[in-house]
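As structure tokens, here come the structures.
There are two complexes below, and they share chain A, which is joined by chain B in the first and by chain C in the second.
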Partner chain A sequence: MVGRILQFILYPLVALAIGVFFLGLARKITARIQWRYGPPLVQPVIDMIRLFYQKSVSHGPVFAVGLIMSLAGSIVVVLFLPFGSICPLSGSGGLLVVLYVMLLAPMGIALSGGQGANPNISIGISRKLILALGYEVPFLLVLLTVMTHYNTISIVQVVEAQRDIGWSIASLPLFLSGVSYLLILPAMLGFRPFDVSTAPQEISSGPLVEYGGKYLLMATIEHALLLFIDIALFVNLFLGGAGNPIIFFVKMLIVFVLVLFIHAAFPRLRIEQAIRYLWKWPTALALAGLIIVTIGRS
Partner chain B sequence: MDRNQIAKWFKEPSKMANKYSLHAIYFCTGCGIIEVPPVITARWDAERFGVIPVATPRQANLFLITGYVSVKTLKAIIRTYEQMYEPKYTVAFGSCPINGGMYWDSYNTIKHLDKYIPIDGWIAGCMPRPEAIFVAVTHLWTLIDKGMANGYERYKKYYRAYRRNQELALGKLEWPPLYPIGEHTEGGECD
Partner chain C sequence: MKPQLILLIAFGGAFLTYIFGKISSKLRDGAAVAISLALVAIFACLYGRPLQESFYWGFLGLNLSLRLDALSWFFAIAIVSLGALSIIFSLRYMRDRERTDFYYSMMLMVNAAMLGIVLSNDLISFYIFWEMMSWCTFLLISYNQHRALDAGMKYIIMSMIGSVAMLAGILSLYVSFDTLLIPQIASSLATASPGYVLFVLVIFGIAFGIKNAIMPLHTWLPDSYAEAPSPFTAVLSGMLTRMGVYGLLLITYVIGGMIGGTGLGSNVSKFNYVLAWLGALTIVVPTFIAMLQNDAKQLLAWHGIGQGGYMVLGIGFGVATANSLALAGGIFHTLNHAIYIVLLFMSVAAVQYRTGGVRDLNSLGGLVARMPVAFVGALLGISGLIGLPLTNGFVSKWMIYKALIIEGHPFLAFAALIGTWGTILSVYKFLHNMYLGQLPEKYKHLEKSPFSMQLPIAVLSSAVVLFGILPGIPLRVINKICTWLGFSSLDVTIWGFTSETGTLNTINLLAAIVVVSAVVWVLFHRAAKSVVVAQDDNYAAGAYVPRDKYHYTAGFYEPLFTMLRPYLRDVVDEFYTALAGAVRKSCGAVRRIYTGDVGNYVTYIILFLASLILVQLRWRPW
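Up next is the complex of A and B:
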């Protein structure tokens, strides 16, 4: 019982630590690809300490409540994702819960931005929601394919099934779905070429424009948890999860570095180009994967 | 990060974090914009020291004003400075904000920027080399260490005088005072 309570407290902290490490790694690797030395790996932590001590001004009650809502949503999703052998809340219906609660994070940011009343926020939020519309279609198809193939909606059971028959992405019916998930992963994480919603040069970092001090700190924590969630979900569904947290972390690291290379090498797409891409290749692959799995079952 | 400084991190985390996480907002008023890209990109890479450009004054704590300041730009500079959250530091880049520089007899530029907003560091030169930004940053570190980079406190303390100077240059300001200034300044009592 004590161990279970400890898991509830420690697991989100571990997820946050991994997310912040990924943020630092992103800045360092991007710098090295651009032939710079780059900041120290702990630079996001220094930034977060600075933001914690900085004064900030609220634009109204919803300004803070929206952020707290998205943060809470992210922490709940983290608790539902198995991390190696640690899975505090993965009951029977993990995948469906994750699917619904994942929407809380962008909704909370949108709610909070509405109170900020800055035109850049409105543009950023509309771009973020349009982009979400773009990647949710292939994402839902991919999850539907996985649920149909393994005949379960529990992430733990998906991981256990892969222990016997090998990784999903290496097996034939789910290969196309895995590739589709990899193709939409930069859009889900808000990385280039899909960082339209937080473009600093166009719309002054979009939804984040009015955040400073502790609000920006909360937004940074939320982003770090988002990195953890999306990559952990991919590792669980397609790379076979892992028996212990360390191997799981190594798998996450490999996927993240792969996404990072795309981030460092590609310029930003416009929003309609992003939608055209997202509804063409990843959706087609996901649909083909779903059809193959359905035919194979009947 | 230096290992010798770990004790200082535990003693004064806010000061140390302010030193090594200077998020800069650049106000490139006329000249000086061309000196900034080499600093933040591969040639001199300011991100090594935690200096990165941000897009909005809300996220920034270092305000870098480069080049001459015309009267019209001064309004935007003051508004940007007042939108930043404390603690905030200001660095004026080039000789024009110091004493007018080559625009010393222009009718339309501000000669001494220090009269309108508090400045923590100056970089002289027309134009200074990009490396001068690093000189300014390291100098700002010493100032923060000694507690002398207190421009935002001075702004709060002498806000009445600053506001009066701003009104002398710009006429009636269309935004309310940042800090309470008492009832005396309203009727133009100052000589």
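Up next is the complex of A and C:
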């Protein structure tokens, strides 16, 4: 019982630590690829502590409630994802619930941002939601392929099944889905070439533009957790999860660095180019995977 | 209590309200509220007490009878509760309008007719009440005149096509089995030929499909929802349209013996597969069309069609594969949808009432500061519509998805899931453009919505959350319906489900979300304080921003629209409109023959006779 409670408390903190580490790593690696020195790895931590003590402006209760909802939603999703052998909320609805709880984060940001009447926010949110529709099409196809292939909606069972028969990404139909997931991962994480919604030079970071102090802190934490969630989900579904957290972390790190290489090298797409891309190759691959799995099943 | 007494109260109440209205408007309002609340009380007391068939009248040698079982109780309680809330909502909304006596009595009449439908035990009563409902609906849709007349006309024509199909089906059943009592038809149909069963399914499927606005029979719905008076739109969207779902369930009951069977059952399965795919189509297309709408009520109306798709998908798939999870999901979604769509229409109506009928999304904004209760209603309503966890819509959608995935139909599941993501885009626009963002100068001093509007909104908001956290309450009743329909029973607990391939446990979810939110909230409050500033302070940095000059929410999804617009035409509606135009034209051409000149008519007759003679002389056919 005590161990379980400890899991509930420690696991989100570990996830947050990994997410924040990734934020720092992202800046460092991008800088090195671009022949700059870059900020120290702990820079995000320093920033977060500063933001905690900094005064900020607000636009009323919805401004805060939306952010709280968004952050809470992200933390709850973390509790659903197996991390090595740790999974606090394993039997409460599985992947379908994860899919829906994942909605709370963008919805919360959109709700909160909507309260600040700034054109940059409106543009940013509009782009974010359109982009989400763009990557959700292949993403849902990928998840359905996995659920149909293993005939379960529980992530824990997917991980267990891979222990016996090897990584999903090594088998044919799921290989296509895995590649598709990798192709949309930058869009899900809001990295280049898909950083249309938070484009700093173009719309002043979009939805984040009115945030300062603790509001920006919460948005940063939310982003850090998002990095953890999307990559951990990939590792669980396609790279066989892991028996212990260290190996799990290593797998996550490799996937994240892959995404970073793309991030550092590519320029930003326009939103309609992004949608056109997302609905072409990743969707085609995911669809092919789903068709093969469905035919194989019946 | 006998069912005919309930109907007597319901119909009598409608007439009494009209008469009271001639005496005093206060008396009329009181009577309308009292009658609708009395009906709620009656049905609440009848929980778990089925009333057996009772014959109330003979008609042309047929016995007309009524009954109350789990299915009718479930629909009846939803009808009377939502009806009562809409009547309460109407009190302020309809004040100072003309023909209110007529409006109230028609509202009660529609409710009574719907009660009649769900209580009917034979098809003649069913048909009579169905027609009463359709005609009362027509009158109420056209209440606002002008464009509403067209909408009403569209509705009644589609509705009549459905009625004629149903009448043909009823006559054929009577000729075949010599009875119109539903239980007797169910036992007779079990021995009928597969072809005949399919005929019955298709012809009643058309009738109920039109009412439930399944694509491609949906075209009456958007205009009717948008043009009807808003409190009636609530009734129309909540329960009236869903009489189609009730009809589908009734079909399921009638063919109960054939579900999941081989041979005979295969036609039933095929029909229901088609129904499930139509449901999937009905989910996807309208959801994307909804994104293009700028009229709040039109937007919700398209979602009304789309959400109907989930019910049809759940029920169709459940029957096709004898899966009680999908069936229960479909039935549960009917109730959930009714709750949140009524809530959403009421929240739009509250804004309409205060702004003088504005429902154009591009000209509203920032109303959260002026109408907080309506905002909370809208927020919970869209959460339910999307199906966010801890709202009722989540549970029913989860049930449908899970059944589809476990049974191995990922493409149907994909249609259902992508519908949800399309929904997010349009409902966020709905919420944002009405309640968030800039408050236009002219709405700076808007008053709060009156209590009689806040009350129904508050009741429905709490229902959205209650059924999301404790889905077991309605699911127990639904489970009874499923077993009554001949399906296996589900392991329902008060918090969700227990089963081997994946469980749903809303208490874990609730606990996690509440605890985590509390922790985040505490952290948030430990951090340095924030100051509330005016919305454009940061952005303009003190510079002057012209008021009301720019509206940042107009054309919210423009990049997506330019991509999608060519594909998102309502082709079906265009086809029907073209058909109507062609019929009108050809009728016009035929009309030209009738010149009104006797000489011409004589010429026609002589020409006709001459041609007959020519034919006879040339080919000698006679």
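Definition applied: the second predicted complex is superposed on the first by the 297 of 298 C-alpha atoms of A that agree within 3 Å, B and C clash if a C-alpha of one lies under 4 Å from a C-alpha of the other, contacts with A are read in each partner's own complex, and residues count from 1 in each chain.
As a convention for this text, contacts are C-beta pairs under 8 Å (C-beta built on N, C-alpha and C of every residue); 3 or more make two chains touch, one makes a residue touch a chain.
As the structure is a computational prediction, the values presented were derived from the model and not from experiment.
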Q. Taking the superposition as given, does A:Lys280 touch the first partner, chain B, the second, chain C, both, or neither?
A. neither
Let me test your reading of the model: by the given contact rule, A:Leu290 touches which partner, first (chain B), second (chain C), both or neither? second
With both complexes overlaid on chain A, does A:Arg163 touch chain B (first), chain C (second), both or neither? neither
### Query
Can A:Gln54 be said to touch chain B (first), chain C (second), both, or neither?
both
**OP:** Based on the superposed arrangement, let me know which partner A:Arg32 touches: chain B (first), chain C (second), both, or neither?
**Re:** neither
Comparing chain B and chain C in the superposed model, the one touching more of chain A is C
Counting only touches as set out at the top, which of chain B and chain C does A:Gln43 meet: first, second, both, neither? first
Under the stated touch criterion, which partner chain does A:Gly213 make contact with: chain B (first), chain C (second), both, or neither? both
Touching partner for A:Ala64 - first (chain B), second (chain C), both, neither
second
Chain A residues contacting chain B in one complex and chain C in the other 52-57, 209-210, 213
Touching chain B in the complex, chain A uses residues 27, 31, 34-40, 42-43, 46-47, 49-50, 52-57, 200-201, 204-205, 208-213, 216
In the complex, the residues of chain C that touch chain A are 365-366, 368-369, 379, 386-389, 394, 398, 401-402, 405-406, 408, 410-411, 413-414, 417-418, 421-422, 424-425, 428, 431-432, 436-438, 496, 501-505, 508-509, 512-513, 516-517, 520-521, 524, 527-533, 535-539, 550, 552-553, 556-560, 562-563
Touching chain A in the complex, chain B uses residues 1, 13-14, 16-18, 20-21, 23, 41-42, 45, 47-48, 50, 52, 54-56, 58-59, 61, 84-87
Given the complex, residues on chain A that touch chain C span 12, 52-60, 62, 64, 67-69, 71-73, 75-76, 79, 89, 91-94, 96-97, 99-101, 103-104, 107, 110-111, 114-123, 125-127, 129-130, 132-133, 136-137, 140-141, 144-145, 147-148, 151-154, 209-210, 213-215, 217-218, 271-272, 275-276, 290, 293-294, 297-298
